[in-house]
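Take a look at the following structure, please.
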Amino acid sequence: MELLEVKNLKTYFKTQKGMVKAVDGVSYSLDYGKVLGLVGESGCGKTTTALSIAKLLPPEGEIVSGEILLEGEDLLKLSKNKFKRKRWKDVSIIFQGAMSALNPVMKVGLQIAEALMLHEKLTYKQAMNRTKELFKLVEIDENRVSNYPHEFSGGMKQRVMIAMALACNPKVVIGDEPTTALDVMVQAQILNLLEKLKKEINMGLILITHDLSVLGEICDNVCVMYAGKIVENGTVEKIFNNHKHPYTHKLIKAFPNIHGERKLSTSIPGNPPNLLTPPSGCRFHPRCEFADEKCRTKEPELNKVGDHHFVACHYGGAFI
Amino acid sequence: MKRSYFIKKVFQALLTIAAILVFNYFLFRIMPGDPLQSLMRNPKATPEAIEGLKKLYGLNYPWYVQFEIYIKNLFSGNLGMSFLYKQPVYEVIGSRVLPTVLMVGLAEILATIVGIVLGILAAARRGKAVDVASLSFSLITYSMPTFWLGIILVSIFSVSLQLLPTTGLLTAGQSYSSTMSMLVDGIKHLILPTLTMSLVLIGEYTLLMRNTLIDVLTEDYITTAYAKGFNEDYVIKKHAVPNAMLPMITIIAMNTGFVIGGAIQVETIFSWPGIGRLMYDALTARDYPLLQGIFLMITFAVIIANLLADFTYGYLDPRVKQ
Amino acid sequence: MKDMKSKTKRPKLKKFLVSLRNSKMGTMGSVILVFFLLLAIIGPIIYPFNPQVFGTGREILNSPSMHHLLGTDDMGRDVLGNLIAGSRISLLVGIMATLISMIIGTVLGILAGYYNKRIGSLIMQFTDFFLVIPWLPLMLVLAVILGTSIWNIILVIGLTGWAGTARVVRAQTLSVKERPFIERAVAIGSSGRHIMVKHILPNVFPLVFANTILVSAVAILSETTLSFLGLGDPTQPSWGMMLHYAFESGAASIGAYWFFIPPGLAVVLVVLGFTFLGYAFDEILNPKLKGR
């Protein structure tokens, strides 16, 4: 049994202009002790799938259909109270933008301790001790538990968020672009930390990012998303060295290679897709130079093209 | 709070007070014609009062000397002689401060508590009955002249229902068998003025708390709190409200000027013997020294209130704390 | 260039009026204000009122009857007539005082925003100073000093109500100043005055207009309060003066509700009208506020 299985998830947003199909039939799975990378352009739906798993969608958002199985149990079928108990204990999130995700008038230690007091039923003292241990784990001076968020730098705040996410020993941690707002040095430190933790605790980590270098560093498997759908899904080696989808190809080529030639990387032509009225057939067809009539009319399924490797393209890598 | 913050705020307050002193001085100079002439035309101005004013302003000397005399007088507590009461202004004002502080103080405390509670309820149950009702209430009290609300309350509770008295601190000419009965009579007199003030303030504070809280609830750290598995009650009480209180405190203190305006109206309606009523009487009698003195005092009070609010904010907001 | 301007201005106005009609608050506010405006303009012509004509001793404080639909006041005069005549005065004072406040506030705000180093901070210090002084005591003192004719009242209210506008206009000017077309204007050598009038003012104007509506509400409340406290023009039968006489004559203690309720109610309605309209304008100009 997989740790987490997302099956055919559909999450739509109600707007004045109609239903925005942010996530439109997405399936992937995460195994114990593994890191799954979700990558794609802004607005492709990767954050929305994460928010759907954690049931933290804004009021306009609605999970229309699908299953989210955590150790076999469908989270979407749970009552509000039952799910509340699972929050943070089973699924936690490292939020993007730690700057604003921490309460500015509450001491940082208390913000972690309160979760412990709620879920692990610890006393205040016990919770603070555990918090100090967590700080040690993420390499922050444990005396700083009584500091306020504004007294930390960006990188340290992110470590605090990680410590907070790990507090109740969750089964699944979702990192929503945890390194995006940080400079490269700090980014490397955070990734090393996550790597270390992945080995020490057997948690599953979903890493959402649009930065391919992050992907390469730490992920075991990668899901490439486009316009609310998964276009390619495989191990990190296959995605980097043997990808089959034109979009994946363009994505990887758009990233400058430090070992490669010194030339301008090619950007992906065209505009991001309209999720109110998505393109017919294969959603990538308006921007794909290989698109033909079949691509324009029929939506491709995720087909197996190798061991642990799936592609949603009618021509599965023929052009790469 | 940080030392630099403290010093900066005190300095600003002192600067404002200095500006007020100058402003107050020149205010009574812009009367058309010679100030002394228009004062002498005032039927209530006795020869002693005019002499007192002459001395106070040093009207025979050049303007910079006059200003110096004015400042010197101010610092020794000499605000001139009241035409109406034939007493030193500071004495007259001093005897009337307590009733105002009592009434306004009670009204503010009541309004702050009720306003915060209602505001939280309205923000938490946004769009529902509580919210719509409190918004409507706020809107209506905001659109009403405070004194009119007072008149209406008088006509309902004093005239129609005959429950509460209309004027004064205590019933005139009443003798009391015990302190308790005097206290009860005093409380009966206190209710309507305080209620009038409170209703207007409740309208304002409820709206303020509601809007501030709604803004806070859109912040990211609120999502984090929900993600951790806390229910709405906890998130609002422990995470949202503490953040909303900071701007509330600042605005409540800055509101002091408005409250004074309301107090003047309420005290007039109910003949409540406080500073507000005093100003109304001084107005009607064109008692300039008294008016000037009250104006100065009230403005001082507002500046001090703002300063205290700044200090409280500096103490509470960890981003400003040392 | 000129053609482009006129083409874009007209659809904007239409679109604006449509969104106004769509907003519940906007329509309610407009209806109320149009009603009172018509009342103020036409009312006294159709139903004239002469404040100098007093009734006989028997006609004092009569309750409503067929002869006097809203009863009589403490001088035997018709309350309804006074109410209608008062609409003209209260609205006149409110609008004129607001105009003064708006002009001062806008001019100072734009200056403070455009020359935002030394001149700007000086102006803002001055503005903050005005904001600290409690409004009613200041108005009372000014009214006592200047005298109580209707024009002095308008002046007093106008001279004390500009500070909020100045602040808001300054903030808006600061943001407009950053836009590229301003940079271009400066680069081609336009004078400060030209830029402020031709470029900044039109962009600040919608905000100023929305602010005007809310300031009008306060101005009308101010006139009512000043008159009530005895600082109004005794020759003008405004709503505030009606309430002044109602209080002085003890109408409340006698239960002469027809005397003190209608003028107060009229003030509440007009202020509500302005407030609704002001909120609607705010929402239209700043769609983020929708749904408050």
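A, B and C label the chains in the order they appear, each numbered from 1.
Here is the rule we use: a residue touches a chain if its C-beta (ideal position, glycine included) is under 8 Å from a C-beta of that chain, and two chains touch if they have at least 3 such contacts.
Fair warning: this is a prediction, and the values are worked out from it, not measured in the lab.
The minimal number of chain-to-chain contact steps leading from chain A to chain C is 2.
Chain pairs A-B and B-C differ in how many C-beta pairs are in contact, and the one with more is B-C.
For chain C, the chain whose average C-alpha position is most distant is A. The mean-CA centres of chain A and chain B are about 54 angstrom from one another, to the nearest whole unit. Work out the mean CA point of chain B and of chain C, and you get 24 Å between them. Taken in their complex, chain C has these residues touching chain B: 129, 132-138, 140-142, 144-147, 217, 221, 224-225, 228-231, 243, 246-247, 252-255, 257, 260-261, 264, 267-268, 271-272, 275, 292.
By the touch criterion stated above, chain B contacts chain A in their complex at residues 219-221, 223-231, 238-239, 242-243, 246, 317-319.
Contacts from chain B toward chain C in the complex involve residues 16, 19-20, 23, 27-28, 30-32, 139-140, 142-148, 151-152, 154-155, 158-160, 166, 211, 214, 256-258, 260-261, 264-265, 268-269, 279-280, 283-284, 286, 288, 291-292, 294-295, 298-299, 302-303, 306.
Considering their complex, residues 54, 56, 84-89, 92-93, 95, 97, 100-106, 114-115, 118-119, 148, 150 of chain A touch chain B.
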